[in-house]
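Structures incoming, each one as structure tokens.
In the two complexes that follow, chain A is the common piece, with chain B as its partner first and chain C second.
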Partner chain A sequence: MTTWTFILKNALRNPRRSVLTVSSVAVSAALLTSMMTLQRELTVPPESEGASLRIIARNKVSLVQPLPARQLAEIERIPGIVAVTPFTYFGGQYNDEEFTSFAQFAVEPRRFRSLLVEGRVSGGDYDAWEKDRTSCMVGRDTMKRYGLKVGDRMKFRGTFYPCDLDLRIAAVFEGTVDDRGVFFHHKLLDELTGDLGTVGTWYLRVESAEKVPGVIAAIDGRFANTAAEVRAESERAFQMGFVGMLGNVAALIRTVNGVIVFTLALVSASTMSMTIRERFREMAVLKALGYKRRDLLGFILAEGFGLSALGGAVGIGGAWAAWTLLDIQRLTGGIFIVFEVTPRIMATAGVVAALLGIVASLGPAISVGRMSVVSGLKTLD
Partner chain B sequence: MGTGGEAWGWLGLAGGVAAAFGLMSWLARLAGLPIQYNLRNVVVRWRSSVATVLGIAAVVAVFVALRAMARGIEASSASTGDPDNLLVVRKGSQAESGSLVTREQFRIIESFEGLARNAAGRPVISAEVVAIISSARSQGPGEANALVRGVTASGMELRPQVRLVEGRWFEPGRREVVVARSLSRRFRDFGMGGEVKAGRARLRVVGHFDGGGSAFDSEAWMDADEARAVFDREPYSSLLMRPTDPAAAKVLAARIEGDRRFSLRAENEVEYYSKQTMTAKPIKYIAAVLGVAMSVGAVFAAMNTMYASVAARTREIGTLRVLGYSRRAVVACFMVEGACLSAAGGLLGCGLARFTNGLATGTLDFQSFAETVFQFRVTPDLMGLGLAFAVAIGLAGSLLPALRAARTPVISALKSA
Partner chain C sequence: MNTPPPPTSTKKDPIVRVRSLSKVYRQGDIDVTALNAVSVDIQPGEFVALMGPSGSGKSTLLHIVAGIDRPTSGEVEVQGINVGNLDESDLAEWRNQYVGFVFQSFNLIPVLTAAENVELPLMLTRLGRAQRREQVRAALELVGLGDRMHHRPDQLSGGQQQRVAIARALVTDPVLVVADEPTGNLDAKSATDVLGILASLARDAGKTVIMVTHDPKAAAYGTRSLHLEKGEIVP
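Showing the complex of A and B:
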């Protein structure tokens, strides 16, 4: 019998306990993986190549405060800008559903075209949308979720704006980080609201990444000390602003993660010490036979590490498979879209599980090392 | 919830716990074994007992604390408003921040019959403006949204639960703001004498108020007309009014909603706020998912402990059987032991979660789109729920080991080492 088969046989000699230990570590590891994924989903917005070239300019007071439409001419004059469009969040309720998880934006289709860097039109026709001011362009995910096709109508009840929308689907887009949105003509919104002369935000694209800081400074400076001061920021910074608004939620998730790791440690530690204490007499026999303290330590650590590593692999693999195979968007009603279990998350959870296995077996290993052969042989139980 | 209600809740919880322990010892007696036998066993195997208890405590603490957070958000909505008040917003809007009421509509409604009148003979009605400002957080970098409400003298009269605790109220016609004390802790510039930027305008903080645990604790108040000027708004956001009596309120609401000239919705203020609880939903969802998932892990851990307990006592079980105890008695005996173990974990977990009670924190409210502050609320019924949850974990974890104990053949059990 080699050393490794000895360890393996030891680990498997109480199969029920091994299965239970592996399962409880697996459940905890799966939970830890899922919670870290949730934290990432909430705090790290999906990144796209075009985002580094795009800027969102909002009212300095707050995102909710509108901007005067007349600012457009002045923004256009700033050098380095490829295209700029009004970008107004409509906040409609689709078909009277209680919570609509996809956003609708009023834009100028002619100007919006060159902002859609990563996206491409996969159904219908962009020109048809541009021509018909009561039509809209819809993301592929939303089309799929509601079983819609080009030519269908979508009705929205305005929760922010005092008007309702009835739009014909003219085009479908896909390939952006969030293929859920609905885009419609800003002119239509202006008509329905009696031309307020305002827009929600400005959405613009800059020629190159190096020019982004300059353009941001130019926009902020242009409207400083006017009635409507502007805060321009990169699309990335804008998204991170939302994360900041969530407040203590991220800290809360970190705390929960900590509790899960603590529980994990507890469970494996208790099982390992149970396992070793049962074998005190055997360990004494091994010592009497001439095995060194180091060997015994190795046996115990290898067993603890093996069991928890196996549990970790099962749990992390299970979580990865579940979140990859399941349609998270449908499951959460569209609240979460990516929920990607990244290699980094899996590696972190794996290291935590394996380390815990070692830490948990340290206690029993030390007491085995300290025991004298005589007292070990005397142990009953 | 009043303190009286809470006291009854605690009494109820204590009664529930006493009843549960009574039931357990009765079950144990039914098994024919005194409960002390189980308790001593738990103490003798203290290492694995402690691990199981702590594991279950962690599960229960997380579950109860998350539910307490959702409860806190709901409580601030639930304790807002006066049942005698009527709130008018635009039809289709989900929150006041998305509502519009024109000045003309206000003038018309102001002249409607059925409105209470104050000492000066003026109708008790307040036309208000709700705006959002982005302001620097007090801790860490970044900004968050804060809700600013432009109110009138009537508006303060209509909300007696809001009282000034520091400084003075704003003066009409001046750019002054009075901030809820709990909100002031979360923003850098909201302290006394602070200067809040709203675009080009500067608002001076002249006082702090206490909203008595209501949604107003997440607001900053200023003069309504000043707010319309600062935020460049022609229309109001909402109207709050007091009808003379409930019957008049019904008539008034029907008249406002039925008027073709405006598309407005009139609702009892308390009812309106009781529906503003969307933010609590995802937290409850996460609490449920985490509770279930963590409890599965805890059940495995409890099973491990109980199996070990059964294995170590094989001879004892054989002895009990020889003495005449039935299989059923042995099952009941181990189930009671598992339940005791997990009840201890549950108590500890609830105790830990109780530390979060009253903890003030804040997050983004999905409806108003502004920071909402709330306190964790660990109420007796939540703790009862946590305890029941713990005992369920213990029973689930000890069922299979208990059955195994009962199935042990007597002779071989007695022979075992």
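Showing the complex of A and C:
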């Protein structure tokens, strides 16, 4: 017999309890892993290589305030800018869906081509889209989700603008961090809205990452003290601005995570207390035979750690398998593109589960350490 | 300072030397004297039966001699080692090397086989696996259970379980075997077997055995009986 055999036999002496304990920890760990992944998906927008070169310029008052289209010529004159396009959020409802999870943007296709750094056209023809102002370019995920093909039509009911769209799919793109969007001609939006002479935002690409701060300062400075002051920021900073709006949701998720961890601690502590209380007499016998406090402490901690670690591994592995194998886009109605259980999340959940197993065992272990052999032996009579 | 009473022994060089041993328990606001200035010498190879009514202090004396309880005052020496001077860690090591325990309720670990139970004290030694296995086999054969090595306690009778406990007590080859009412939970036949084994340990193997018992028939197996009453040894 080895020490590990002894610990294993003790841990499995009540198989039903061991299975229930491992299951409880597994469910809690799976839940914790899922909630941490949810928090990450909500608060850490996906990053791409091109994002570091792109800038979004919006009205300084608020995102919903439009900018004058005439600003384009002045922005183009700022040194360091490679391309700039109007970038206006349409916010339409596709096929009268209650909730449309992909965005539609009005852009200038000729200018937009240079901004699609990491994406590529995988279906149809970009030139065909550029030539036909009633056509659109659609992300591969949306094509797949709705079973669309090039040449099909997509109809959107305007909720933000007082007009509807009827677009022919001319091109399909993929390879970006979000292959869901629909892009159409800004000229079409101008026609449908009676040419308001405005755009939602400006979307720019800068020559190099080093020039981004200078370009941002130049844009802000150029329109300072005008009727439409501009706030330019990197694409990343722009995305983080949306994340900031989710502040309370993130706090709520953190609270739920705390509750899960607390529950996990209670389950483990309760099990270990019961397990060790039943074995006080045996612990006293082991002490009488010459086992020291640290030996017994080691047995108890190893047992608690083992059960928790096993439960954690099952739960985290299960969560990883589930979120990897399931079609998260379909499951969430397109709210999430991916639901990536990262190694960091798995490691964090694993450490939490294992540490809780150890912490939960500390109480019973200390009781056993303090117990005198004589008082421990008396528990048998 | 009180002069200790003369020890109740007839030979020299005792293996167990108890001098002016007292133990006082605190029960609420009351001090209860379990042992009152007990002095006794026990020679190597003796089989001593500690007798007396409940609460007389016999189990307390056994526990202190075996190093699982501490005296309030007085000294206990086993083979020249003052047990009271050992810290908890050293005392644990000392018990492992010098003392074998046999309990009334056998106290075997239910999830371990007979062999694994007997092996428990050896896991604290530096012996290799093969050596441990050999010593376990020898100990179980000594108590007549060589063919029950892989049985769990619930697959053994009470008498067999107590013999496994004796094998566990012997496997480290201790100088002292302490038994706290070892026949209390056994039928007459099993009790006779167990007492026979304990007696032969003292007689044939030269072990010193100290046994607490209420039963005069059990005490008759010993080479000497000590009677305790109200914490004192009485003639």
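Rule of thumb we're sticking to: the second predicted complex is superposed on the first by the 378 of 381 C-alpha atoms of A that agree within 3 Å, B and C clash if a C-alpha of one lies under 4 Å from a C-alpha of the other, contacts with A are read in each partner's own complex, and residues count from 1 in each chain.
In the analysis below, a residue touches a chain if its C-beta (ideal position, glycine included) is under 8 Å from a C-beta of that chain, and two chains touch if they have at least 3 such contacts.
These numbers come from a predicted model, not from an experiment.
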Problem set entry | Contacts of A:Val61 with chain B and chain C, given as first, second, both or neither | first
For this session: In the overlay, answer first, second, both or neither for which of chain B and chain C A:Val338 touches.
Result: neither
Exercise. Can A:Asn10 be said to touch chain B (first), chain C (second), both, or neither?
Worked result: second
For this session: For A:Ala69, select first, second, both or neither according to whether it touches chain B, chain C, the two together, or no partner.
Result: neither
Exercise. Between chain B (first) and chain C (second), which, if any, makes contact with A:Ala322: first, second, both or neither?
Worked result: neither
For this session: Answer with first, second, both or neither: which of chain B and chain C does A:Arg281 touch in the superposed model?
Result: second
Exercise. Is A:Ser372 in contact with chain B, with chain C, with both, or with neither (first, second, both, neither)?
Worked result: second
For this session: Look at A:Leu289 in the shared chain and tell me whether it touches chain B only, chain C only, both, or neither; answer first, second, both or neither.
Result: second
Problem set entry | Partner contacting more residues of chain A (chain B vs chain C) | B
Exercise. Shared contact residues on chain A for chain B and chain C?
Worked result: 381
Seminar exercise, completed: Residue set of chain C touching chain A in the complex reads 63, 66, 68-69, 88-89, 92-93, 95-97, 101, 103, 105, 107, 109-112, 115-116, 119-121, 123-124, 168
Seminar exercise, completed: Per the touch rule, the chain A residues reaching chain B in their complex are 16-17, 20-21, 23-24, 27-28, 30-31, 34-35, 38, 59-65, 91, 93, 99, 157-160, 162, 164, 225-229, 231, 241-242, 244-249, 252, 256, 259-260, 262-264, 266-267, 269-271, 273-274, 335, 381
Problem set entry | Residues on chain A engaged by chain C in the complex (per definition of touch) | 1, 3, 5-6, 9-10, 12-13, 281-282, 285-293, 295, 372-374, 377, 380-381
Problem set entry | chain B to chain A touching residues, read off their complex | 47-48, 50-52, 54-55, 58-59, 61-62, 66, 69, 90, 92-95, 97-98, 100, 131-134, 137, 141-145, 186, 198-200, 231-232, 263, 278, 282, 286, 290, 293-294, 296-298, 300-301, 303-305, 307-308, 312, 361-364, 369, 371
